[in-house]
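After this come two complexes, each holding chain A, first together with chain B and then together with chain C.
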Partner chain A sequence: MRRYTPKDDVQKKPYYTDRYWVAPQVPKYPVEEDEVFAEDLKAIKKKFKVDDAYIQVEQMVVYIRSEDNFGVLQLMRDELGYTQLSELSAIDRLAERGQFEVFYQMLSMQKRKRVRVKMLIDEHEAVNSVEKLFRSADWAEREMYDMFGIKLNNHPFPKRILMPDDWEGFPLRKTYPLQGDEFAAWYEVDKIFGKEARDIIGPELRDSAMVDRYDTKRFARLGHEVPYGAEFKADQPETPLGYQEEEGVFMIEKFDEEKSVVISDRDR
Partner chain B sequence: MQQTNRLRPFFENITFERDDNELVLNFGPQHPSAHGQLRLMLHLQQEQIVKAHPDVGYLHRGMEKMAENMIYNEFMPTTDRMDYIASSSNNYGFALAVEKLIGLEVPRRAKVIRMMLLEINRLMSHLFWLATTALDIGAMTVFLYAFREREYLMDLVEDYCGARLTHAAIRIGGVPLDIPDNFLGDLKKFLDKLPENIKDYEDLLDQNRIWKMRMENVGVIPTEMALSWGCTGPMLRASGVKWDIRKEEPYELYDEVDFDIPWSDRGDNYARYKIYMAEMRESAKILYQTIDMYNETVKNNQTELMAHAPQYISAPKLDIMTQNYSLMQHFVLVTQGMRPPVGEVYAATESPKGELGYFIRSEGGPYPYRLKVRAPSFWHTGILTDLLPGHYIPDVVSIIGTTNIVFGEVDR
Partner chain C sequence: MAQHQVNYAQDGGLPVALTTVDKVVNWGRSNSLWALTYGLACCGIEMMASGASRYDFDRFGTIFRASPRQAELMIVAGTLTKKHAEFIRRLYDQMTEPKWVISMGSCANTGGMFNTYATVQGVDRVIPVDLYLPGCAPRPETLQYAVMMLQKKIRREKAIKAQKPKRLM
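Here is the complex of A and B:
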């Protein structure tokens, strides 16, 4: 049977994967192996429900329920000494299970330990803001909303931060194409010249690698240069590459291959 | 109702004409002292700021999205474009995260070269900070002097990798090149001269009346505020927390070198300035030690520059050219990319600006499933919301200066 691939994930996919290839795992260790983490986990478990916990790459990962996030972070800040929230964001798992994975990267400076608190939320579920505990969450949560469309409860200023205010769509979702969607292609045209100018200007080229050799207005062809806007013909004469100023320019020396030195002693 | 099209600017729910005494001032995004693309909406009572809204996103290029559509090695040059003042530290943060994910051990000589590059980048960044901040305050001379010294460092990096600004000088698993012949000598010459240069800057600034008036007791960040806003690096150390990731969670060979962490409990602009100056001296101290460490690796004949992990990293050029299987693996790694194991990693490094962290979620494919960059400047910009109210307009410039924000990193 052919392997199932989520149809609404439009990100780049590998063009070839061996059908018998099994991806290795980054090892997970039980929390009991580290004394400090074990005690922290015990304190969290006393008050809140913990779905899963393990140590991966020297950091503890704790899965909690989404309604507990404020309480867990408060406990960690006030009683366990995790005084900094260094990062907060989400992972899109909509295609796979219809959920987002939100993570909070915590740092304790006294213990020199880092913990990642994670929780799963449904697509339209709103997250409790932790801005009251950590001011750093103010901007981080705004970015999370901006990029994924995850709504927040009790956020003082829930506005987009990186994208324009009137932007449609959430760029870091897997359903959002890298080059942007239909809205993105018309955004600047509509905003600057108005919708009625769409026919004259056309959609924005958002693929930075695109080259149209028949378009002599926007693209130059090296070796076959024609005037701006000229019609493309098959038998255009070759224009040899050369310097514009044959006699040279004051102070600027042309590269001379004869005079250049090749360093040979590189492989010591 | 304001028409939003037709080249008329659209100000989001901001009325500039008001009945009360409050004035709304739009600062940036195209202001020379806005350090790139910072836009500030300042609410003023006379000259005093009562409310500040930093607005970012004018340099947003969607790097995290790009990362999800690139193989791991392809993303390396893109990281240069974040903190473009010290691009090797971005490269290094990403390389470290992937190495931790795979579980790679980097050869010793590569580690030494990496440390050299990181500290050179730190010096470059701090010199650049000093130059631009002094220029914002009005000290043109310092700007010229500091840029002169930075030029020597850029020449050194150019000797190493050919690039001056966007280095891409570090690879996942090591470094691509050994240092050139004249490198150590030039570096030493520069380092011998550096204390004199730093003394010159300090002679110009330390007791300068204008400098002190603009810096002392301006932009005071209390410890709780710094912690709560996720401040790191010199911003945090100036606010009374002695925390440096190089010392507390050492990576590379930072546990083998001897250096101090300058810190202060004053929390104002002047404290930050002093910390930057002291950190330059510490970087020089580390660089002297790396020179000796490099000579040691030469003596012990440790010539390897890249880790040996054929599944993830191409074999040395000699093997690729002589052995068929290495060539095949190299071909697969270049065309398809490496496939790290399934899992997550968050690796934090001390970049010149603060804690630069990379969070990578790998699903076992050649493209990262999710890559989040924790850029220190993002929160150092956010703190302006709480820091600016109460200050006067001229203080805004000096506060933005000492936060040392770079917008390639804020917007990503």
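Here is the complex of A and C:
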């Protein structure tokens, strides 16, 4: 397994250090520019506290308090006509500000508008489930728990959805290594054969460009094959590959290439 | 009159072929390789095409079975995830001896392009593999060729010796 370097501060480090380079920003516009969104925002502000709101790429983004999420979504569904919750997930901002950003992507078919409701939660804070309002939130919230470890209040079946039930770690967190931690690297070996088998089976081969022509346990030379694990000799005689033995096979007629017909007309 | 007459004049006048028990048993085994349907990803589509009428696996005696108890060949066609690894092991154990495994495609061979936390980096970490078939995804002809190479391998085996159970470790 490759050496694991902690990635707790990975978001603080820029990959690209050109001091004249300015990251492009999608422009934000005030909500007042769109009448429909302005009305919606007024209705939300009447009952709930809104931290920030703006329009980005023709969608309204509203930042709310995390304890209000059920109420805001209920208001939007029942009174503002946003009857669909098309997506729900989280963004890992733990390194940046120690918080997760949870977003709810809402769609109104009557108004032909989309609104993104966002809220910031602390790392160990539980979120109110909106499964009672939108059935689509059921699996999306389970996935959010599976990938980020965000716990849910009042969810009917708060269980992992993609990863195995006995999995350790939350793969979509920025601190999780792409090729897996030690638990992930040995997961199938530990589960099927037990930890004792680690030495016998060996670590995963993660270098996809690795080629070793002298390793006869992992690599073969087409046309110059030797038995598994045998010593490789430089003057290995050629051993032509064929699907049948030269002397023919019992009760099976050998295919004669001379007699075969090549079909060039595909529509035949 | 029968359409296909036995030519009693050939082979000294007897409708007999002389051979060894090994050859007869291996002939039977290699020409009735019933495969377990094991399509895990896009390679499974190519495996299905191989079984369908154009490429026609039935003429090799390779018939896909949905039960490991009736199968002796496992074609692992596709990406094996870590979540699924224990089930492939269980299904392999449920197959009756003698049994063979073809690892079909890059993902089953080495994990392929899925160099991530959730993919098993080669099915040979979990079950013993007889034949590795390269390609992404291999065409049906390639899978046919692999089955024929496996038949060749089976023909080389001793049929009567005590079958040593295949184990990875």
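The rule is short, and it goes like this: the second predicted complex is superposed on the first by the 191 of 268 C-alpha atoms of A that agree within 3 Å, B and C clash if a C-alpha of one lies under 4 Å from a C-alpha of the other, contacts with A are read in each partner's own complex, and residues count from 1 in each chain.
Here is the rule we use: contacts are C-beta pairs under 8 Å (C-beta built on N, C-alpha and C of every residue); 3 or more make two chains touch, one makes a residue touch a chain.
Owing to the predicted nature of the structure, the values given are computational and were not obtained by experimental measurement.
**Q** Looking only at chain A, is it chain B or chain C that touches more of its residues?
**A** Of chain B and chain C, the partner in contact with more residues of chain A is B.
**Q** Could you say whether A:L178 touches chain B, chain C, both of them, or neither, answering first, second, both or neither?
**A** A:L178: touches chain B and chain C.
**Q** Answer with first, second, both or neither: which of chain B and chain C does A:I200 touch in the superposed model?
**A** A:I200: touches chain C, not chain B.
**Q** If you stack the two complexes on chain A, which partner ends up touching A:I91: first (chain B), second (chain C), both, or neither?
**A** first
**Q** First (chain B), second (chain C), both or neither: which does A:P24 touch?
**A** A:P24 contacts chain B only, not chain C.
**Q** Which partner chains sit in contact with A:E188 here, chain B, chain C, both or neither? Use first/second/both/neither.
**A** In the superposition, A:E188 contacts chain C only.
**Q** Once chain A of both complexes is superposed, is A:V261 in touch with chain B (first), chain C (second), both, or neither?
**A** It touches nothing on chain B or chain C.
**Q** With both complexes overlaid on chain A, does A:S208 touch chain B (first), chain C (second), both or neither?
**A** second
**Q** Touching A:A234, do we find chain B (first), chain C (second), both, or neither?
**A** neither
**Q** Does chain B (first) or chain C (second) touch A:M251, or do both, or does neither?
**A** Second partner only, chain C.
**Q** Of all the chain A residues, which ones make contact with chain B and with chain C?
**A** In chain A, positions 162-164, 171, 176, 178, 191-193 sit in both the chain B and chain C interfaces.
**Q** Enumerate the contact residues on chain C facing chain A in the complex.
**A** The contact residues of chain C facing chain A are 17, 19, 23-24, 27, 31, 82-83, 85-86, 89, 110-111, 113, 115-118, 120-122, 125-126, 145, 148-149, 151-152, 155, 168-169.
**Q** Provide the residue numbers of chain A that touch chain C in the complex, in ascending order.
**A** So the residues of chain A touching chain C come out as 162-164, 171, 176-181, 184, 187-189, 191-193, 197, 200-201, 204-206, 208, 241-245, 249-252.
**Q** What residues of chain B sit close enough to touch chain A in their complex?
**A** Within the complex, chain B contacts chain A at residues 4-7, 10, 12, 56-57, 60, 62, 64-66, 68-70, 100-101, 103, 177-178, 180-181, 225, 227-230, 232, 241, 243, 248-249, 303, 336-337, 339, 341-348, 355, 357, 359, 361-367, 369-370, 372, 374, 378-379, 381-383, 385-386, 411.
**Q** Taking the complex as given, what residues does chain A use to touch chain B?
**A** It is residues 11-17, 23-26, 28, 56-57, 59, 61, 83-87, 89, 91-92, 103, 105, 109, 112, 114, 116, 134-136, 138-139, 147, 160-166, 171-172, 176, 178, 190-195, 263, 265-268 of chain A that touch chain B.
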